[in-house]
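One structure is given below, encoded as structure tokens.
Per-chain numbering from 1; labels A, B and C assigned in written order.
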Amino acid sequence: MEIQYILELIGTFFFAVSGALAVDEKDQDWFGAAFTGFVTAIGGGTLRDILLGSYPLVWIRDVQFLYTIFIAILFTALFYKHLLRLRRTLLLFDTMGISLFTVVGVEKALSLGVHPVIAAIMGMFTAVMGGVIRDTLTNETPVIFQKEVYASACLAGAFVYIGMANLEVHRTTSFLVATLLIIVIRLLAVKYNLSLPKYKRFG
Amino acid sequence: MEIQYILELIGTFFFAVSGALAVDEKDQDWFGAAFTGFVTAIGGGTLRDILLGSYPLVWIRDVQFLYTIFIAILFTALFYKHLLRLRRTLLLFDTMGISLFTVVGVEKALSLGVHPVIAAIMGMFTAVMGGVIRDTLTNETPVIFQKEVYASACLAGAFVYIGMANLEVHRTTSFLVATLLIIVIRLLAVKYNLSLPKYKRFG
Amino acid sequence: MEIQYILELIGTFFFAVSGALAVDEKDQDWFGAAFTGFVTAIGGGTLRDILLGSYPLVWIRDVQFLYTIFIAILFTALFYKHLLRLRRTLLLFDTMGISLFTVVGVEKALSLGVHPVIAAIMGMFTAVMGGVIRDTLTNETPVIFQKEVYASACLAGAFVYIGMANLEVHRTTSFLVATLLIIVIRLLAVKYNLSLPKYKRFG
């Protein structure tokens, strides 16, 4: 429980940084940047908990999540040029975020007793829906409709985690394997421009 | 109860097909198509149940809805060209979906004891909000803001159903009259390009 | 309680008028106008209550809110030209709406026992998220990302209200000070084109 809590805070930090970095082209003010970081960081978990009817929401019960987001926004502002100069920084922060949040989301859904397929979807939603809400608000094409493998990497990691849990593999092992799998799939997909096959092959 | 369940599955199938068919111009991959079909199929009922605080959500409690959506996505892929060749196929599947879901939504809302006007709105939301969420995610103008009568046909059918229920007409009769009314209004509206009067006539 | 109820109805009326007036350029029909007014009026409070898990939703329990919205839509249609001729009418109705709803939202959140910082955010959400949902549905840039101070005025008023509540200032006084502060900040911001500093100053 303790470790899951720390991982959720770290994932929140990663996502808020990635949200604030994404603000770049938007020319937004401080409020807009904070709001964007906030929505990116808490959107996925919030949607998961609303769909599962799991109240109170994590960030409403525990104000540490808000403070983490504020610190991430400030951190991003302070090291903005350095963060951008490191190429792929945004990608890295986002990828760390989605891998952590996928497994955190799967674990929460399983703990609430839902069907494993639903748990996998909830893990993927936890990871990607914050970004989707952010993209919808800023009139971008949501990240999940973009070319490289993204949400499907989360789904793959979620199913691997659930499979290992069913085989009673130790939780830490499952956790590491699933998060690493997501990170590797995602980074390879970006590097080699991999995408899923287009819909409607047959017929 | 049994029949309502089967009707919900059928409506889910119709909506998922209509969502997957709509994907056409978007050049999406399999994940995007499945996600679009999924959102179209479960969005309206999910919003209704969240607004009414009715948990657990239908598709989270019962994984059959997910499987129905998967089958619909595959079915659409297999018969894609045939489905498109039949002109108005998309319209027909969507129209079947909204008429079924309107009545299913009204019945669920009434069974939870809300005011009839609220129940009518919930029926309309069940029918149209999945499409609205889909259109918002893909940056289209939501279907309810388009020209031909759409959501208002659902609203009309919902009120007729509630009126007949109040007059203690047999449930099957009310069901058939209301769904047929929605289908007829919608198809006539498309055929004759009927629209509601523009807002701000007076003043 | 009685007064809060009347204020919520008044705020709902203001917001529905502002939503219906905003419809202008969209060339919408009566259904679109009513839907836009409805979403603008109830969106923020609905999101707040869903996030807080506070059921039943105000407008579902009490159909007066719907009737208020219908009357506002009709009122706007009847006096449309007069309302538009008065320059800044839309701004005024919207500003009245956000100031009332901020305080109403803060009070509701505090009454549910959340952390004051969360309560301030809930007040701001109550005020601005209806407009954000409206703008998202109509593919506009959400009002909170626009230049002049908007949501941050609500946040400022919310914190002032909470501070005064902590100092045990009389409720009516806190209410008046906070709402007036929001109105003054917002109107000055529009008049003098004030905006928050751009994000990423340093680094």
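Convention: a contact is a pair of C-beta atoms (placed from the backbone, for glycine too) under 8 Å apart; a residue touches a chain by one contact, two chains touch by 3 or more.
Treat the numbers as computed from the prediction; the structure is a model and nothing was measured.
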| item | value |
| --- | --- |
| Fraction-based call for chain B against chain A, same above half, different below | different |
| Turning angle required so that chain B lies on chain C, C-alpha fit (0 to 180°, nearest 5) | 120 |
| Centroid distance [mean C-alpha coordinates] between chain B and chain A, Å | 30 |
| For chain A, residues contacting two or more additional chains | 50, 136, 139 |
| Complex contact set, residues of chain B against chain A | 20, 23-24, 26-33, 35, 46, 50, 55-57, 59-60, 63, 66, 76-83, 136-139 |
| Chain A residues touching chain B - in the complex, by the definition given at the top | 50-53, 114-115, 117-118, 121, 132, 136, 139, 141-142, 144-145, 147, 151-152, 155, 195-203 |
